[in-house]
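Consider the two complexes below, in which chain A is the common component and chain B and chain C are the respective partners.
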Partner chain A sequence: MKKHLLLLGAFLVGFITHNIAQVAPKENNWGTLTGLAGVDMQYYTRDSIIAAPIVPEKIRMNSFLFLNYRKGGFYAGARFEFYQPKPLLGIDERFQGQGVPYYFAGYQYKGLDITAGGFYEQFGNGLTLRSYEARQLGFDNFIQGFRIKYNYKGITVKGVFGRQRDFWSWSEGTIRGFDGEVNFSELIPKMNKSIFRLTVGGSIVSTFRPGEEKVIGIETLKLPQNVTTASGRLNFGVENFTLSGEFAYKFNDPSAANNYIYKPGTAALVTASYSGNNWGIAIGAKRIDNFDSRMDREAVGNRLMVNWVPMLNKQHTYNLAASIYPYAVQYVGEQGLQADLNFTIPRGSKLGGKYGLDIAINASIVYGLDTTILPARQTVFEGDTVLTPDRYGYTTSGRLGQQYFQDFNIEITKKFNKKLKLTVMYMQLWANLKTLTVSQLGKDPFVHAHIGVADFTWRVNNNHSLRFEVEGLYTKQDQGSWLMGLVEWTFAPHWSVSLMNQYNVGHPQVEKRVNYPLGSVVYNMGSHRFQLSYGRQRAGVLCIGGVCRAVPAANGLTFGYIGSF
Partner chain B sequence: MKKIFHISALLSACLVLGISSCDKVESPYSTVSSSIDTVAYPPPSYTINSSAPRKVLVEDYTGHTCGNCPNGALILHNLVNSNPNILGLSVHCGVTFASPAPPKYPKDWRTEVGTAFDNEFGVSSAGQPNGMINRKEISGSKIHFYNVWANEANNILNADPIADIELKITAYYVESSRKLISYVHAGFIENISPEVKLGLYIVEDSIVAPQKWYGQSLPQDYVEAYVHDHMLRKHVSPIWGVSLGSDNSAGTIKRNQWSITLPSDYNDNHVKLLAIAFNSNTKEIIQVEEVHIK
Partner chain C sequence: MINILHLRNYKTRLKMKRVLSIMLFSVLGVATYAQLPDIALKDLDGNSVRISELKNDGKPIVINFWATWCKPCVLELNTIQDDFEEIQKETGVRFIAVSIDDSRNEPKIAPFVKSKAWPYEILLDPNEELKRSLSVQNPPHTFVIDGNGKVVWQHMGYTLGDESVLFEVLRKVARGESVEK
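Let's turn to the complex of A and B:
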């Protein structure tokens, strides 16, 4: 134990001195070099009370350094990644390794932009294609290949061709995609001056995945090697009103994600928003049917995802609201609604006081599709009458299927004076854990919970501020109720110290009513941030944009660094 | 404007390219295919022999701790040896006499198929030894003690010596892999309107294992090296067979095939395939056939 801690300490000192010595970027004849580095390191200690997995390697690290060079129109970059001896708990272990998977070079000339190597790209809302990185999730699906973008007077054309990152190798399949968008406000000068705005776009993504047949039991499936997804989108605005929508269609794409069915996929997304003087409203609806696209038919989990279905739920940031029962978007089928209302009670009014009062109300509800699985087909096989599934899969009605999720929350922020600010939030949540398997922690299929948060900031003086956060989650199901408290003391410009505790006050098993204390020290220096924490991490779920991963319980010392130059 | 036209043309070309690079699979999306290599193991040619002899199945529902059962087995043994058109099947079943009783009777000779047959006809609960002749209801019962087996079997054969259905089993057995490929032809000699089902089972002779046998003046009536014949081992087809359809007219031929790997504890020198064609409703056996696999 001592030896490990010494090693960790030596590393930290070396790391900090090294990073502080970095030079500031300079613009000169040699071009510009910028960089971003991150380190997450954890020393794991045994903790059977919270059922923390035993980590034989004791210390694990995720780290990266991204360098980006630019001179004139030319640019190039690369990212070194290091996950050794294994990635941090919760991150897919297939990331274990080190190397430079991401590198690229390209140039821009007038409206033209050409990239060779790795790149991130999104078409429209992402229904047909989205390659992105979410480091905390352990998600990275950049494309390695070739990309051409061209922009001329509001017309943007993009073409991509490549393979996708699959941990330390590349997908066997190839992706080809085209996207076109016309922004009429830019294209037509007259329109630019009018109250109307219009953007129309469309994309086509075709994946090639080798393999003509797949044998499942006695069945031999004829596979489509080339699968095309197409979408059209529109964004229309009149003054403060905006309406946008996208519809996407996918041809037959049997895969492990959809149980090898041939039903075409559809995805529809509509949002409308209006912003007034002191208020804004946004309403969104979506219907997703069999829309899980992958670069490999066999891929499951978060591996080799080609597209992304936006979540129509609030992404909460307060601890108990964010990481116990978050919603994971169901790519195989879901339909949902969300309404978001923000308004400020103006300054000077009775409620508004000197600084106004901000209120944000959000409600979302998600249901499954009402599906009818087609009857199995009877086939005589070797003299026997066997039943095989109807590979079209199912039919849907316009009705609602079973409920998956529901969230109503209201957040009020009040600044009393220059020194005191209070945010309170109430949230009512209903989650179907049978569907949201990633968040299946206990035995109860449904959870109904009330969550309350109070977040109070007191700026003591110019250098010191204190923040208190109290949260409570009340439920009779699953692991029962939780309490959480946080005290954070910031003394500018460098230091911040915090102490947090979560307590599973209502766990049905008394011996599992456990405290999860966590203490942290943060040191900020310009664009560099160092953090050292010690304590327990509660098992939970981390979701970013509706894509989730499980967070295992852990106990130990964590070091984090993020910095750029 | 020209530029816009060029871009639009490029865009359209991309769209056409994108759409056309999609493979649309039409229904049926999958095929159910035989796992039998029909080139290496071709189905034999078959024509109906309209004077094929009727064969009858005598079943003996037995157990290794059933001390009276060997007397029934002996009768079956003699019956089968005396007439090639009488086939035998020993079904080890029931809790009382067929359960393993270590250390003397450690093995469990019961099978899933045997238990299913026993549950259907209720033989072991009627006491063992008991049996059936073609699963035919005779004098109000299908279950009969061994003293009537010979008589009733011969009655059936004498009533109509020509079969209503001819069964022909062709077996390919690969010793190295113990793969057993079998084709069963059913040729309808008579018109048969009820639904007919066909079952195929593995039967093993000459299994040497302990058996209780009363009246042999043996200590505890224990025969350590008793020879069990016609023992039902396994179903090759589904337990209750596969349908050959109903309203089959004379001249109809139905072929079925199965492929299995012979379990390693079966002595392939003594393994037979037993095919049974039976009335789907009454379960009465219409015809039976067997072949040695080697």
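Let's turn to the complex of A and C:
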């Protein structure tokens, strides 16, 4: 009997291994594992001159490891996050902790895609739903639940159901969303051959948040537990011309963000663009009215945001232009216009020279809505007549409200030869600091500034290059004028060393005219990057995609690693 | 009977060894060769392109993540443009530049690209689906895919001179040589 069992066992092992051995060499692959790891560590030193907050823990760290596995149509992944003893200065302290909040599994089969667990999703422009991650901002609002997507010949449908990440827990509310889109150019072969393009889409998002009543003073508000947002969008093109737009409507949604009013919200975006030979233009307009959607009525700041409103200004990257007076989208209400023109004076022409001359011009202007607050109502409470606000809130006219922001900028890039390249930028900006609350409010509520940038690159030889950057911001308001200088030496493919200084040359208080020197060394190895910096960081505003956070001043040593495999 | 059993065991052991070596090879293979995910992105005309079905007749494919606001990305794509005709003739490369601009900048991408007359295929990844799936953190990030659809090389960031390394990798892949990651 024993012998028989041994024989049977041997046969089974033989059979199985034989078959695996047959299959395995053909596949030669047990799937694909990719990953991403990041470490940001900072050692803080005291610096009362720049008013850096005191950090009793001395050293703080944000780090993560994301693993992503695929095998055929199957996929799964998870992300470990670590913020100890506290997150870096400026990142919301509620992230303190460690764990694996984000994990998922799913499969794809012939255009069908099913995900269980955490996922990021965007419907249209994001007006009704956008979950995304911006690590540097400390922003992460992925949905934990279930998602189905299906794509067939230009028809795409998506359904999502789940709860949203709220630091280390989940939102109490639940989100349910549906999005559909038809691309007629893909659906109808005849249309694909024509000069016309047309895509039409729409979405419905419904959030359920428990809680039926809210008491404010003497009022008891009856709250809608289910709030629906719906949108329709269109993208139409003829040859090089494209017109696209989206309109969204939100049913009454009283919340802390809108002071508990029942007015419905609206959002409209329209853009038109045209591209010619060596040039292109895009013009955009938008109007937002009471369009802050959250998974929790009490949530403020960047917490538990369901939707996302794209901003209509240039995304600047030069230091002084990007981080002193950036614009943040006003979900409560705003209207604006933008024009963006790019052209290249062609290579070979007199002005263009051998490499052409690139010119980018951008202008944007944003106003608030012209609102009229409805008169307060008289309510009798315990024998007294008390005034309570009208819970519809306000009415709007088609006129402009107060101005929030204005930006005109022109950037010219000229490559003289294989070795020398120069970019110059001029920007004029006007900002209303009363509205852009993330900025530090000086004694002046309005700032008018001129910014100039010269960015010069000298390619010494094939691997060595030097870059010099000089920036100036001139203003009489707020913290006054700034100067910045940067020298960067890169030795491809591994090393980069830079030295930067920012100087608040025009601060109204002489003792606050401070220098912010910062030195950095970067080592790059394929898809792994190590960075070490030492010096002062200026307080400012970091914005990614119109969502901003204030960055406090700091002094110390920073180590950063990011690696992808 | 004992002999047969012994022989069987011996054979099994041999097979086990083979299986183990295949397993080991596969695990290493996991780290060495990454296949592309089945994600559909839109091109500038709004048509879907399935990433897992990208083909180039056995010649190399480049997937480069960039954004209109990313200075090193624009510098990289401008610099590659200077030698692109030559390198394409030599290697037959298909160059795909995936923009991770969000919907704020999406309407600006086509005018931006056309104004620069970039010779690349442009795909849009506005909510970073492909970027996340390929474990990319910051642009620019470049992948080279060989004739069998496998990711054989990747690089993060750009400094002047990095393009020569990319060109060398493309030449090797085009010749069918192995590439050190």
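Following the convention adopted for this analysis, the second predicted complex is superposed on the first by the 536 of 565 C-alpha atoms of A that agree within 3 Å, B and C clash if a C-alpha of one lies under 4 Å from a C-alpha of the other, contacts with A are read in each partner's own complex, and residues count from 1 in each chain.
One rule holds for everything that comes next: a residue touches a chain if its C-beta (ideal position, glycine included) is under 8 Å from a C-beta of that chain, and two chains touch if they have at least 3 such contacts.
Because the structure is a prediction, the values reported are computed rather than measured.
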Overlay on chain A: chain C relative to chain B, clash or fit: fit
Dominant contact partner of chain A by residue count, chain C or chain B: C
Partner chain in contact with A:70 - chain B first, chain C second, else both or neither: second
Which of chain B and chain C A:312 touches, first, second, both or neither: second
Partner chain(s) touched by A:344 [first = chain B, second = chain C, both, neither]: second
Touching partner for A:534 - first (chain B), second (chain C), both, neither: neither
Partner chain(s) touched by A:523 [first = chain B, second = chain C, both, neither]: neither
Touched partner set for A:456, first chain B, second chain C, both or neither: neither
Superposition-derived minimum Cα distance between chain C and chain B (Å): 18
Touching residues (chain side chain C, partner chain A) in the complex: 1, 5, 8-9, 11-12, 15-16, 18-19, 22-23, 25-27, 29-31, 33-35, 37-38, 40, 45-48, 68-71, 78, 82, 102-108, 110-117, 126-129, 132-138, 141, 153-157, 159-162, 164-165, 181
List of chain A residues in touch with chain C within their complex: 3, 6-7, 10-11, 13-14, 17-18, 20-21, 24-25, 27-36, 38, 66, 68, 70, 73, 75, 108, 113, 120-122, 124-126, 130, 132-133, 135, 151, 154, 183, 185-186, 192, 197, 199, 235, 237, 240, 242, 244, 271-282, 284, 310-312, 315-317, 340-344, 355, 358, 415, 457, 459, 462-465, 490, 492-493, 496, 524, 526-529, 545-546, 562, 564-565
Residue ranges of chain B touching chain A (in the complex, touch as defined): 3-4, 7, 10-11, 14-15, 17-19, 21-25, 27-36, 184, 198, 237-238, 242-243, 255-259
Residues on chain A engaged by chain B in the complex (per definition of touch): 150, 152-153, 155, 157, 159, 176-178, 180, 187, 202, 204-206, 208, 216, 218-228, 230, 251-252, 254, 262, 377, 379-386, 388, 391-392
